[in-house]
Structures are given as structure tokens and as C-alpha cells.
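Before anything else, here is the set of structures, which you'll find just below.
Both complexes shown next keep chain A, but they swap its partner, so chain B is in the first and chain C is in the second.
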Partner chain A sequence: MVNKLIKEDTKMFLTGNEVLAYAANAAEADFMYGYPITPQNEIMHTWCKLLPKTEAGFLQTEDEISAGFSTLGGILAGKRAFTATAGPGNVIMQDAQSMAEMMRIPFVCAVMQRGGPSTATVIYAQQETRLTCYGGNGEGFRIVYSTAGHQDLYDYMIKAFNTAWKYRFPTYVLADGYQGKMREPVMLYDPASRGIKMVPVTPSLLGEGQIGIDRKSVHMRNTYNMEEELMEVLDSYQVDYDKMAEEVAEYEEYKAEDAEILIIAHGIVARSARTAVDELREKGIKAGLFRPITIRPLAVKPLRNAVSRAKQILFTESANGQLAQMVLEKLYGLTTPYSTLYKMGVGVTGDDLVEKVESMVKSPSVV
Partner chain B sequence: MAEVLTLPPKLPKSQNEEVGASKFCPGCGHGITLKALGNAIDELGIQQKTVFGCDIGCSLLSWNYMDLDTVQTHHGRTTPVIYGFTRANKEAIGIAYMGDGGGLAIGSQHLVNATVRGERMLIVVVNNTNYGMTGGQMSPTTMPGQKTETTPYGRDCEVTGKPAKAAEMVAAIADPAKSFVARSSVSNVRKLQSTFKKALKNVENGGFSFVEVLSICPLNWRTNNVDTFGRLAQMEEFFEVKEFLAPEGLV
Partner chain C sequence: MARTKIVLAGEGGQGVQSIAKILVEAGYEAGKQVLYIPNFGVEQRGGVSIAFCQIADETIGEPRYSKGDIIIMLSDRAIDRCERYVSENSTVVYDTSVCTIKPECKCKNIIGIDANKIANEKLSARVFNIIILGVLLAATNVLELSDIKNAMEKALGKKFDAKPELRELNYKALEMGMNLVKEKAAL
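Right, the complex of A and B next:
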């Protein structure tokens, strides 16, 4: 059992990476496996610095492949284990993430996005949106929380462990280098003080009972012999996923009720969009924001309702429409025209959005 | 009329009797290897605390072969899955079971780093000098001149380099005080079993163990019984069968 460091509400001024390490401890995570890659390193650094107090475990592995697979090993042994990665590390960790999907292993990972493709920048992007939701050679049986600031990082990192262990789908906190590296005030708390009970963890292998006496040996399978055999398993996963989606999907609306121009953004870009909405409202333009918090699965009904109410929508991302692609598929049949403001690997500011929305008012999009 | 005498096969307790005596190709060395491993586990009485990981390729057919808690993965990732497990569960005896491709090619970084860190586990590399499951391609241990699907005119070491010697490599980088490193062969099952026993005992003592098993693949080698064991004898000349490292006092 790990020692929890935050026993009462404590306001701190931290980087997002530090917040994630504290959040994992608050969630009673007891093992981290990791490999250095910028901009997520300080999650490991903080975790390691706190080890004498937390008495948790840590292993620095030889690469992100092994960080992912050893995390799976730790979880199978019954630890509330997690890892964190970014960019090319996220790419090579997909193999382990696919295995977590196939075997329904409650894998938890913080992804601090950096520029792509390939090495690109170590700083910031939203270009791992698609990869984190749908990476690997599978169907994207994953849950992805996209955070927009440090309180989110703390809240959703705690939540990610419970979501993963309750539904047994790999669960992610998707943030970015800006959130990881910048410092802002955050309220740390003991989850119990908010009525949050951590879902108990149990080993999948070498659990209770003696083989041949109390139970049979466990044979966890990652290979299937026949196509139909596999489909039967995956069909049952899809049923579970759809059922889970209704319970898990989260979103935030900001002044979206009467919005004529609805901005759709996730993560830190949604935070810029909030400031833009306020500024536009002051100028008499009825702007609003729809922010999917779970970008996989999406909260489809509220999303469609918000889009139906608006006269125009604006997709904006620090990527070339990775979220928009996922959202548009869910908007099939609606005719609200849309515009885009994409800045690949670059932050989107409130000013960018004000300017863009003003241009949309002057010459409305018809697409 | 002659009376038919049926004797049930004598399986190790830690082998899954529901599967039967063998599920590998006729003449495959995996059945021999797993039986020796099972007997070693039985002798040490560690079935209840052993976690078995198997890789992709022929070795994956062992996913339900043992009466052990088992996880199956691929590409040599069995090593990190198992050391991830044994880092988290200090009582467990971890075994990562794989072929020469998984251990020495696609997953070699895990073998190297698990060795250097002295992970508390046994890594078994069953060396049959080719990728069996995928149809008999050249592997890191394919013998000089050996014909495979990707070296149809024989392995040319000028082009491909020489065969990898796993046990020698592991012995060179392992901590001699804590590591047991050996190469054994399916030609001597008693010796193979006692090697596994030592290897597992060393893990129980908190050490790292590596056993390379010289094995046979008559299907892909396209050899009959005599030639199969003839080739194994050649392998035993090329790949020295011995204990490379054993901590002092390991019996």
C-alpha cells in the first residue's frame, strides 16, 4: 500500500507534470514505469523524488516499448501502475497499448503531446489526438480525457485510474507540453474528501487461491486461431464499449446555449476559445464553445444538439483537423456550415480566434 | 488378438494435462523443452508462484500448455511484461519463454537491458536456427551455409554477419555474482532439466537467469530423424553447450 501525500486540501503552484505525479499518488497508484522523452519527463522526476515518502515503485526501462509492456506486467501483478509518454514514444508504445485493448488490461497513460510527425518539436502540439484515440492495429477501444489546465490534470488523472479499472479499457490523460511545463495554481486534495472511492485493484495472474486446488491456472490470450473466434470477442468488447460510453462521455459547454457561432475545441485550445468567446460577446457576437472532454468516446448527443442550434461552427486545433475528423463523422446529416482554424504544432490564441470568428460573421461559411 | 496397453503420458504436474502431450509440429523441440521446464518447476515446488510468459512464433503455442498462470505477448516483449510483473510482485518467479527471433532480433534490447539490470527472472531462448512459425526464414542464429526461405542458397556470413551467440553475449554483460547463464540442448533432456532447475533456483535466490536451448525444427529444416539430430550435433559444435556463469554456491 502506497503512502498518500495529500491528506487535506492543499493549494500549490506547480507545473502540469508535477501535478500528474501528485495526482497519481492521490489515486493510490503504486508503480510507475517510464522512459525519458520531452515534454513529459518531470512526471517521472517528481514521482522519483517523492519515492522515499510514498514508498511506491519505479522502473526506468530501456525504451517506451518496454515501458508500455512492463506497465502491463505490473498491472497483471495487481499494481495500480501507469506510465507517461509523448510523441515518438507514444508511437512505439502503441504495441503495448494494443495488447491492453486486446486483453482488457486497465492501462493508464499520460500523453504530453509534442510536435509531429516524427521527432518534430519537443514543445507542444495536439497532433497525437488521433494516435492516442485510435493508435495500434485495433478499433480504438480506449478512453481519452483531454485536459485544459492543471486542475483538470489533477482531477482527470485520478479519474483515469478508476475509469480504467472499472471498465478495463486503456485510459489516457491527453495533455501537451504547454500544460506539462507551465506553472499555475492547483488545488490538490485527497479523492476521499470529494467522495471519490478508488476502484479496488486485483492481480490477473498469481491471484487468490492455489492452482489445481482452488482454481485453474489462468491463461491470458493475445492470439486467436480463427477469424470468427476473434470477432466474437471483439463484438463483445464493442457492446461493453458502447455501454461504457454513455456513462463515461464528458463535455463542457461555455455560453453555447444561444451561440450563433460555436467553436469546437479540445484541450488547451479550448481554454483560448473561452477567452475568445468572452471577448466576442463583449463585441456583440454570440459566440460559444463546445469542448469534448472525452475525445474518445465523444458525447455525441450533446454535440449534435449544440451544433444544431448554431448558425456556423468553427473547428480549431493545434493540428490539422484531427479532432474535427472524429467529430464530423458524428455530425452526419446535419447541415450547419463550418470553418476551420488549424495551426499544426502551434498554439491557438484567443486573438487568433476572435479574428477568425469576426471574419466568419462578415462572410459566413457555406460549407 | 494382441492386447493394447494404454499408458497415459507422464506429464509434469505443472503441465496442463487438458492440452495433452504435445501441440507442436511432429518432432519439434518445444515439447521436450517445456516438459524439462515443467519437471524442474515440479522439483522445486514453485508452480504456485511461477508466472509464465510466452512470445509470438512457435513459442506462443505454449500459451495454455503449462498449468501455470500464463500471459502471451509477442516480439520479445515477453521480457518486459515479465520483469514488469516481478518488479511489482517480489515473490513471483517469472519466466519469459521465446524463440531466437524474439530474443535476439526484434526483442534484443529487452534481453540486453534485462541482463544488465539483473532482472529477477528466467529468460529462455529456444534456438532452432530459424523463424519456424512464419515459414522458416533466416534468424540471428541461422548456421553458416544453412538454407532458409530468405537464404535459399545458404546463409552467406559475408552478407549477413555470423550467427549470434546468445549465451556468450549475455554472459559477457551479466553480473557474475547474481547471474546464471547456460546453453543446453534437447539432445540431453536430463541435463536440460537440471539446467532449468539451477536457473530457477537462482531466480528464487533473487538472481537473473538465462538459458539458451539448442532445439530442432525438422519441418522447416526439411530433415528426417537422423538428419535432424545430425544437425543438432553440428549446432552443439558451433554453439558451445555449457554453463557460462553460475553464482557461487548455486547447486
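Right, the complex of A and C next:
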């Protein structure tokens, strides 16, 4: 057992990366594996700085391939282990993430998105949205929480461990360089004080006693001989995934009830959208926001309802429509026209959105 | 809703992020809502380094903004990069002893200061950024001097305790920075 540092409600002024390290400790995580890449380095820096007090463990591996697989190893041995990465690191960690999907390993990872493709910028983007949801050679049996600030980072990092261990699908906290590097006030708390019980962790391998005498052998497969054999397993995963989706899908609406123009945004961009919605409402324009919190799986019914109510939709992202692509698929059959405001690798401001929505009022979109 | 949006830009190594941290720490301790995003490239030194800081009375929504209320530009490249954040309501401050060009933008007020020269000639090159912190304090006018001094103590207290004359030097730099803005505003 690790020592938990936050025993009572504590307001702190932290960077998002620091928040994530505190959150992992609050969730009783006992091991972090990682490899440095900006803008998420301070997660491991903070985690390591706290080690003398928490008595948790840390291993810096030789690259993200190894960090991903080491995390899986730690989890199989019964550790509540996690990792964090960004950008090109997220790309090369996909093999391990696919293995987590195949072997139903409760892998937890914080992704702090930076600009892409390739090295691009170390600053900020929402360009790992598709990669985090659907990367690897598989079907995206993953749960992805997209956060919009420091309180979210704390809340959802704790939640990610429970979601992963309960449903045994890899679970992500998807944030970005802004959230990692920026400072704002946050309330840290002991999860128990909010009625949150951590799902107990058990080793998948390395159990007590002798195999065949005291316990059964464990056979976790990620190799299959026959095509049909594989499909049978994946079909059963899909059933589990669909059932789970109804329980974990989360979203937030802001003044969306009577919105004529509905902004659909996730993560930190949704926060700018809130600012814009307030400004637009002051100008008499009925704008609202639908923010998927789980971007995989999406809360499809509420999403369709909100879109059906609106006269126009605006997709906005710090990427070229990666969320929009996932959302549009779920809106099949609806005819609400939409516009887009995409800024690849660049922050979207409230002013950007006010201007865009005003132009949509003047000349409505027909697509 | 009172919200002050600051864009502070200079060359990597000028200490832009250090003073931004002190400023927002002071705001936080004073009970304000604050949000700070550092923005820089992969360089250890050089390259344009920008700090986006907000100090507000109510919860802050957008982390990034299109236009700042106060934009401080501490190098030619910072001017090039940051003119886009200037609106008609902005106050622009630039350092005439570092920059070889003048910001060409429509704004409420352009203030030229010679903080770098003052630091080198009257104090020490090391407190250049603290002069700028004084400039910021006076230009934003949302925090008290005591808030900043407390935050400086938190960031630099150990250094101050080891060398008490550093505390005096930094306070002097802070005061000179504040006066630079007050003098210009009086003109």
C-alpha cells in the first residue's frame, strides 16, 4: 500500500501535470512507468518528487515502447500502475496499448497532446484525439475521458483507475499541453470523502501458491491460431464494450436546452466555448454547448437529442475535425446543418467562436 | 466581470516565465481567480517565450484569448509574434533598450521603457525581469505591491535569506519598474 498524501480537502495552485501525479496518488496508484516527452514530463517529475513520502515506485524506461509494456507487466503483477505520454511517444506506445485491449489489461494512461504530425510543437493541440481513441491495430476498445481543466484532471484521473479496473479496457485521461503546463487553482481531496471506493486490484499472474495445486493456471492470450477463434473473442469484447458504454458515457451541456446554434467541442476548447456562449447570449444569440466528456465511447442518445433540437451545429477543435469525424458517424440520419472552426495545433479562443457563430447567424450553413 | 488578460513576451532566457509565475502566485494568494499558460518552443535559450496570464474576480473560462489588455514585448521577435494580440483597447509596453523596432499597432496606449538599460546601468542585469514585474504590477493595477512581495518571498526567499542584499536589490528593481509606468502615464 502506498501512503496517500491528501487526507483532507486541500486547495492548491498547481500545474495540470502536478495535479495528475497527486490524483494518481489519491487513487492509490503504486507504480508509474514512463519516458520523458514534453509537455507531460512534470507528471513523472512530481510523482518522483513525492516518492519519499508516498513510498510508491517509478521506473524510467528506455523509450515509450518499453514504458507501455512495462506498465502492462506491472498491472499483470497486481500493481495499480499507470503511465503518461504525448505526441510521438503516444504513437510508439500504441503496440502496448493494443495488447492491453487484446488481453483486457486495466492500463491507465494520461495523454498530454502536443502539436503534430511528428515532432511539430511541444506546446498544445487536440491532434491525438483519433490516435488515443482508435490507435493501434484493433477496434479501439478503449475509454477516453477528455478533460477541460485542473479539477477535471484530478477527478477523472481518479475515475480512470476505477473504470479501467472495473471494465478491464484501457482507459485514458486525454488532456493537452495547455492543461499540463498551465496553473490554476484546484481542490484536491481524498476520494473516500466523496464516497469513491477504489476498485481493488488483483494480480492476473504471480498469484499465491503453486500452479495446478493451489490455483489454476492463467492463460492470457494475445495470439490466436484461427480467424474464427479471434472473432469469437472480439465479438464478446464488443458485447462487453457496448454494455459498458451505457454506464460510462459522460457529457456536459451548457445552455444547450434552447440553443439554436449548438457548439460541439471537447477538452479545453469546450471551456472557450462556454466563454463564447455567455458572450453570445448577452448579444441575444441563442448559443449552447455540447461537450462529450467521454469521447470514446460517446454519449450517443443525448448527443443526438441536443443536435436534433438545434438549428445549426458548429464543430470546433484544435485539430482538423478529429472529434467531428467520430461524432458525425453517430449523427447518421439527422439533417441539422453544420459549420466548422478548426485550428490545427492552435488554441481556440472565445472571440474566435463569437465571430464564427455571428457569421453563422448572418449566413446559415446548409451542409 | 473584471478580468485582466496579459501577454508577456520576450526571448527565452529573459525571465519572462519566472515573473509570470510570481505574478499569478501573487494573484492566487490574494484570492483572485488566475490562469497562466507558458508558451515556448524546444529551445533551452532563445526563441520567443510567451506567458499568457489572466487575473479575474470570477471563474475563468477560456484559457487562451485573442486579444490582451496588457501586452509586454521585450524583443523584436516578441513584437513580431505578439502584435496579433493587440486590440484597440490594449496597452502595449515595449523595451526601447532591447528592441530596434517599434510596435506598429492600433491600441489604446504604447509605452516605451528602457528597463534593460536601467538594469545594466543602475542595478544589475539579473533583475531586468523584476523591473518588468514592477511594470506589470503598475500597468495592470489589480494587485497590491505586498501581494507581489509575498510571492517573491515564496519564489526567491531562500536566495534572499542567504544574501539579504538581494532582497533590497529586487525590491528596488520592482519599485523602479512601477515608476517607469507611472512616469509615462503622467506624461
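Methods note: the second predicted complex is superposed on the first by the 365 of 367 C-alpha atoms of A that agree within 3 Å, B and C clash if a C-alpha of one lies under 4 Å from a C-alpha of the other, contacts with A are read in each partner's own complex, and residues count from 1 in each chain.
The rule is short, and it goes like this: a residue touches a chain if its C-beta (ideal position, glycine included) is under 8 Å from a C-beta of that chain, and two chains touch if they have at least 3 such contacts.
Computed from a predicted structure; not experimentally measured.
*Asks:* With the two complexes superposed on chain A, say which partner A:302 touches: chain B (first), chain C (second), both, or neither.
*Replies:* Touch status of A:302: no partner.
*Asks:* So in the superposed three-chain picture, is A:223 touching just chain B, just chain C, both, or none of them (first/second/both/neither)?
*Replies:* A:223: touches chain B, not chain C.
*Asks:* Does chain C touch more residues of chain A than chain B does, or is it the other way round?
*Replies:* Comparing touch counts on chain A for chain B and chain C gives B.
*Asks:* Which holds for A:321: it touches chain B only (first), chain C only (second), both, or neither?
*Replies:* neither
*Asks:* Mind working out whether A:347 is in touch with chain B, chain C, both or neither, as first, second, both or neither?
*Replies:* In the superposition, A:347 touches chain C alone.
*Asks:* Is A:138 touching anything from chain B or chain C once the two structures are fitted on A? First, second, both or neither.
*Replies:* In the superposition, A:138 contacts neither chain B nor chain C.
*Asks:* So in the superposed three-chain picture, is A:121 touching just chain B, just chain C, both, or none of them (first/second/both/neither)?
*Replies:* Second partner only.
*Asks:* Based on the superposed arrangement, let me know which partner A:88 touches: chain B (first), chain C (second), both, or neither?
*Replies:* Neither chain B nor chain C is touched by A:88.
*Asks:* In the superposed arrangement, does A:268 touch chain B (first), chain C (second), both or neither?
*Replies:* After superposition on chain A, A:268 lies in contact with chain C alone.
*Asks:* Hey, what residues of chain A end up touching chain B and chain C alike?
*Replies:* none
*Asks:* Write out the stretch or stretches of chain C touching chain A in their complex.
*Replies:* By the definition above, chain C touches chain A via 21, 24-25, 28, 33-42, 60-67.
*Asks:* Please give the residue numbers of chain A that touch chain C in the complex, ascending.
*Replies:* 13, 38, 121-123, 149, 178, 181-185, 268, 271-272, 274-276, 278, 347-352
*Asks:* Flag every residue of chain B that touches chain A in the complex, lowest number first.
*Replies:* Within the complex, chain B contacts chain A at residues 13, 16, 47-49, 51, 56, 60, 63-64, 66-75, 77, 79-89, 92, 109-110, 112-113.
*Asks:* Could you list, by residue number, the parts of chain A that touch chain B in their complex?
*Replies:* 31, 33, 57, 59, 61-63, 65-74, 76-79, 81, 95-96, 99, 103, 203-207, 210-212, 217-223
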